[in-house]
Amino acid sequence: MQAMQILINALVLGSLYACIAIGFSLVWGVLNVINLIHGSFIVLGAYLAFGLYQSLHLSPWYAIFVAAPLFFALGYVIQRLILNRVITAPVLVTLTLTFGLDLILNNAMIYFFTADYRKLTLSPPLGSVSIAGAVVPVDRLIATATALLLTGLLYLLLRRSRIGRAIVAVRLDRDAAVLMGVHVPSIYAVAFGLGAALAGCAGVLMALIFPISPLTSSAYLGKAFVVCVLGGLGSVSGALAGGLLLALVESVGSTYLGPSHATTLSFLLLIIFLILRPQGLVGRKGFE
Amino acid sequence: MSASWVARCLRLSVPLGALALAAGAFAGPAAAEDVIKIGAPLPITGPLAPEAVKQQQGYDLWAEQANKAGGINVGGKKYKVEIVYTDYQSNTPRAVQATEQLITQNNVNFLFAAFGSGAAKAASTVSEKYKVPTLAATASSVQVYDQGYKYLFGTFTPNDTLTTPLTKIIKAQVPDVKKVAILARNDLFPLAIAQEMEKSAKDNGFEVVYFEKYAIGTLDHSAALSAIKALSPQWIFVTGYTNDLLQIRKQMVDQQMKAPVVSMIAGPAYQEFIDALGKSAENVTSAAWWHPAEQYDGKDIFGSTANFVKLFKEKYKSEPDYGQASAALCGALFQLAIEKAGSIDRDKVRDALASLDVTTFFGPVKFGANGQINSLDPPVFQIQGGKPVVLFPQAIKQGELKVGVE
Amino acid sequence: MTRSNIALLILIACVAALPLFGGAYALRLGTIACMYAVLALSWNVVGGFAGYPSFATAAFFGFGAYFAGVLMGKGWPLAAAVVAAAIAALIAATLLGAVLLRLRGHYFAIASLSLAEVLREVVNNATDLTGGGMGLNIPLASGSGVMAEATFYFYAMWGVMLLTAIMVIVVAQTKLGFALNCIRQNETASSMVGLNTTLAKSIGFGLSACFVAAAGGIYAAWVHYIDPSDVFDILYSVKPIVMALMGGLGSPLGVACGAFLYLGLEEVVWRNYIQIHTGVLGVLIVLLLLFLPHGLTSLRFDRLRRRAKHA
Amino acid sequence: MPELLRLTGVSRRFSGLQALRDVNLSVAPGEVLGLIGPNGAGKTTLVNTICGVTPANSGTILFDGTDITRTKPYQAARRGLSRTFQIVQPFAEFSALDNVAAAALFSQPGESLKSAREAAREHLAFVGLDAQADQPAATLTLAMRKRLELAKALAMQPKLLFLDEVNAGLNSAEVERATELIHQLARSGITIVMIEHLMKVVLNVCTRIVVLHNGHPIADGAPREVISNPAVVEAYLGQQYAQRTARHG
């Protein structure tokens, strides 16, 4: 009974984690950039959903359609104007640059929205349902479904569309892609835009579930990190696998060892994975 | 070549040194004679930023009132008040630095302590060194006052004064309660209060079936809550700050957790907690150091509690909570002490604070030997109909305890 | 000894004169500046010489602070506790390095970052020893007066900075520094010419941890009260990197200048823009990386040489 | 004659791909062994396996009487196994001198930075790079970098030297110069195993040839014998030989 509840909790939470991480993973895999603004993008998405619901009473389901293009544009522009200038620089430079950008965005959000915690409460509330003897909140369920849907869409985009295949080509072998006539800077910009759009959509979904404040961005970022490493970089299925594994470890650890050990456990797992299986659960071996 | 190069390096280091010195020499203008400056290091940015806003509202309200009345009367001469804010980024080392900066660079006369127990404690070593009287508006843990400092005073009673009356009320009015589950944020104040709760629960014959800490910044509590649910305790006691408690309460609802009694400290006293949760906040019990329903007739600048609430509402269009009230109280207490000492000499004001025994809008104020206030009965309250309703103390009781949180 | 290293020692000697000019607050800033210089110079051994993007500085700092703090709580004198913390960090980091430094690039960055997270949670949960989330009190040495204490801690931190600078200079001029340089440029080729890369990297990692831990220990004694989220703050990892980038990677003089310049800027920005200082700092970082990618050193004569090389 | 190097049943797999299959090989002191075979035959993998970069999955490798099957690359290097890379691997920011000094410094116990630099000068002079000693390696031409590789390998005072396509990408004048260098090395008593596509060079320099095909030696013997071995020629060598000699001949 309780085991079932833990399992279901972990499944739902794992999908949310995957949703948080997938844009981060895409950017990391394709651009080889650890995008530290990712967490703030998610929060910004959550504010967008909150603002639209408060002012226009626009439900978060529709807010996704607003968020996706907006964030895509934002990401595209940031990549084109700023990040692209240092894209070939060493890890440290790109990492520190996104750190600086994150400071700016986060401070701007605190300045304009204040750091107060807000909550998007749907009226009427969605409540919970029972599945196989376990209680599952409907909002999480819907968020999970949407997260899976978004993940699926991304997968299709990468597999089926021309631009998607170009992105995958750049990820696997940048030089070969150049020879094949792919214009790498625009692929980078599109991939970064997609990463931002996914973060924005994730933010909209998170608004339903977690309190909203600029201060939560680092928590999202931390999860994205762990999920990416556990699952394997840049692959859609990797983010899902990593999210589920992380959620499972956290849930089980927190139930049997106490919640304060859940974080320790997840980071220990991260280090172990880095050392023993740096390609992650799903990833291929052989790239750094 | 070599010599000229060294010279070049030296030239480079000169502007650097100059910059550092300039940074150090930014001393504010020397304190004008008719102004009393009080330094307030606040976590204006970083995770504690929402709390800083509350503190600032309280301080500003007091300063505005004091200046409106012409200033503080020091032996017949009126002094205006000025509050000097600095941001310590929710970072304790910064708080220490900010405190020293306020003392040595901004030449403040007195200090409001940094927010919360941890930072107040760390920064108090500095104010103690400089012998600057410091009032802590938000430091309740006795550990803050266990260092034998003479210049630190706090307006929050020890944590057990919150948990003990709460436990007593529950024991008297809800005989079904046998098992208690405690979930605490692993942080100085929330953890300290959870430990007090555990103690007072055991003293009153309850069985503590669950006591766990969660890490700062935990996003998801569903695993811990499922574990608690499986134990079916009658009383669930959770500590943390507003965001933690919002999350936990929401996730309790998600998991359809019900219990006769759910207590949370320190979120429910804040209006934003009730606003954000709506119906799910109903019947959550809590305790705080002050409540707007209190009815004291004080000798301080605000006078009665009702007057304070009125002034606060006029300025900020919202109900004051204990954080804002305590901040305003700290200002009012400095004013009382300075007027009593008839001087702005730090030692005299310190002695005046130590010997203070006065009723304020916040309640009776008298500091114990360690500097912590020991004269207050913090109210226990419950959210009923979207409002906090006082259950204790008897004198200001507004309603009866309602059992059952869904 | 190279000219730039002589200049570094001159700079450090100049800093020592601070107590002649400044009051207690200037000394506090000076102590913090020395502390960050220790962090940045130490980071430079792994990050600048060996080219490994280490984010482990916070882990070592917190480790040192708690190790020394706990010992002082048990009655050890400051000096002994700090030395013990430094040695413990040296050993622990050397051993850890052998494992972690097998990773490269982003993977190493994340592993080193996680190190601080793991240590913080371990400290958080070892309540009996460390006080956990309640923090750790470090007993006051004695009430020796404001200026005396400020001067004492300033010179303690300055001393660690001097030792760190000497260590970095010595490393740079010996086989180890040469080895780390080789590793940065081409690790495969390094091992093919007979260099035990794992050993060299581990020693480098250990040395970079050792003085950071000492700084952490002094810091703990200085502030009397530490808690896990303060001393394992990720900013202790990030700031030294920004400082090193600001000053110019690899050059000890540049890194030390970068540390002082960064703190100077931070202090000015912090004072003048209470609400938006982190944003202003972010703008500075972004501008720095976009327009001065090699830090202060790109303002120096060797800019032309670099240009020539990149051409 | 005692053997310097002896491989017994060495195999190496890369996730599904059998790169080396049951390789038995011995090298005598003073030999100049040519290792030939088409692309992908496993020549470079064989060198990597001997040097410890990609350790063997099975089999044993004896070098100078000791088992080095499991040694790490740096240990192999210190024992006197040195190599050049097919794709040159200089320390790009270092001067040519420091590149060679690094090799001398780390392969010889007790060498100091100063003595290593002194030794490095001699080796640079030997390969004819003394004029470029202070130039950063990144600025050298390909031919110079190849010679730099050689100087590095020599600075390690090898007992056994692997030359991995030292002539690839060089023009014929440069090839001639490199061949002369190899002759000098061989005369100085260093045992050499060279991977080489240029049959002219192989026939000119080598005392023995081993042909590797799909990770397995298929022929071993005196150069003239091996290339006239009908199996080798018919299988693939003839075609290669024809092409190469036509291009460079």
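For reference, chains read A, B, C and D in written order, and residue numbers begin at 1 within each chain.
In this section, a residue touches a chain if its C-beta (ideal position, glycine included) is under 8 Å from a C-beta of that chain, and two chains touch if they have at least 3 such contacts.
Owing to the predicted nature of the structure, the values given are computational and were not obtained by experimental measurement.
Leaving out chain C but moving nothing else, do the remaining chains stay as one piece, and if not, how do they split?
Contact components excluding chain C, positions unchanged: A, B | D.
Using only alpha carbons, which chain's centroid is the nearest to the whole structure's centroid?
Going by the distance between chain centres and the overall C-alpha centre, it is C.
Measuring centre to centre with C-alpha atoms, which chain is farthest from chain A?
D
From the mean C-alpha coordinate of chain B to that of chain D, what's the distance rounded to whole Å?
That pair's centroid distance is 73 Å.
Between chain B and chain C, what is the separation of their C-alpha centroids in Å?
The separation of the two C-alpha centroids amounts to 34 Å.
Rounded to the nearest whole Å, what is the centre-to-centre distance of chain A and chain C, using the mean of the C-alpha atoms as each centre?
For chain A versus chain C, the centre distance works out to 31 Å.
If you average the Cα atoms of chain A and of chain D to get two centres, how far apart are those centres in Å?
Centre-to-centre distance between chain A and chain D: 48 Å.
Counting only residues that touch at least two other chains, what does the list for chain D look like?
Residues of chain D touching two or more partner chains: there are none.
What are the residues of chain B that contact at least two other chains?
Residue numbers touching two or more other chains: 45, 186, 213, 215.
Do you know which chain C residues sit against two or more other chains?
Expected reply: 121, 124-125, 275, 277-278.
Touch graph across the chains, line, ring, star, complete or other?
Drawn as a graph, the chains match no named shape, so other.
Once the touch criterion is applied, which pairs of chains come out as touching?
Touch list across chains, by label: A-B, A-C, B-C, C-D.
Considering the complex alone, what residue numbers of chain A touch chain C?
So the residues of chain A touching chain C come out as 28, 32, 34, 82, 85-86, 89-93, 95-97, 99-108, 111, 222, 225, 229, 260-261, 263-264, 267-268, 270-271, 274-275, 278, 288.
Can you tell me which positions in chain D touch chain C when the two form their complex?
Interface residues on chain D, with respect to chain C: 51, 53, 72-74, 77-78, 82-83, 85, 89-94, 98, 102-103, 105-108, 112-113, 136, 138-139, 152, 155-156.
Hey, which residues of chain C end up touching chain D in the complex?
So the residues of chain C in touch with chain D come to 173-175, 178-179, 181-182, 185-186, 188-197, 309.
Give the list of chain C residues in touch with chain A in this complex.
Against chain A, chain C makes touches at 47, 51, 53, 99-100, 102-107, 109-111, 113-115, 117-118, 121-122, 124-125, 238, 241-242, 245, 249, 275-279, 281-286, 289-290, 293.
Which positions of chain C touch chain B when the two form their complex?
3-4, 6-7, 10-11, 14, 21-26, 28-30, 32-33, 121, 124-125, 132-135, 137, 140, 146, 149, 219, 223-225, 227, 229-230, 233, 235, 253, 257, 260-261, 263-265, 267-268, 270-271, 274-275, 277-278, 296
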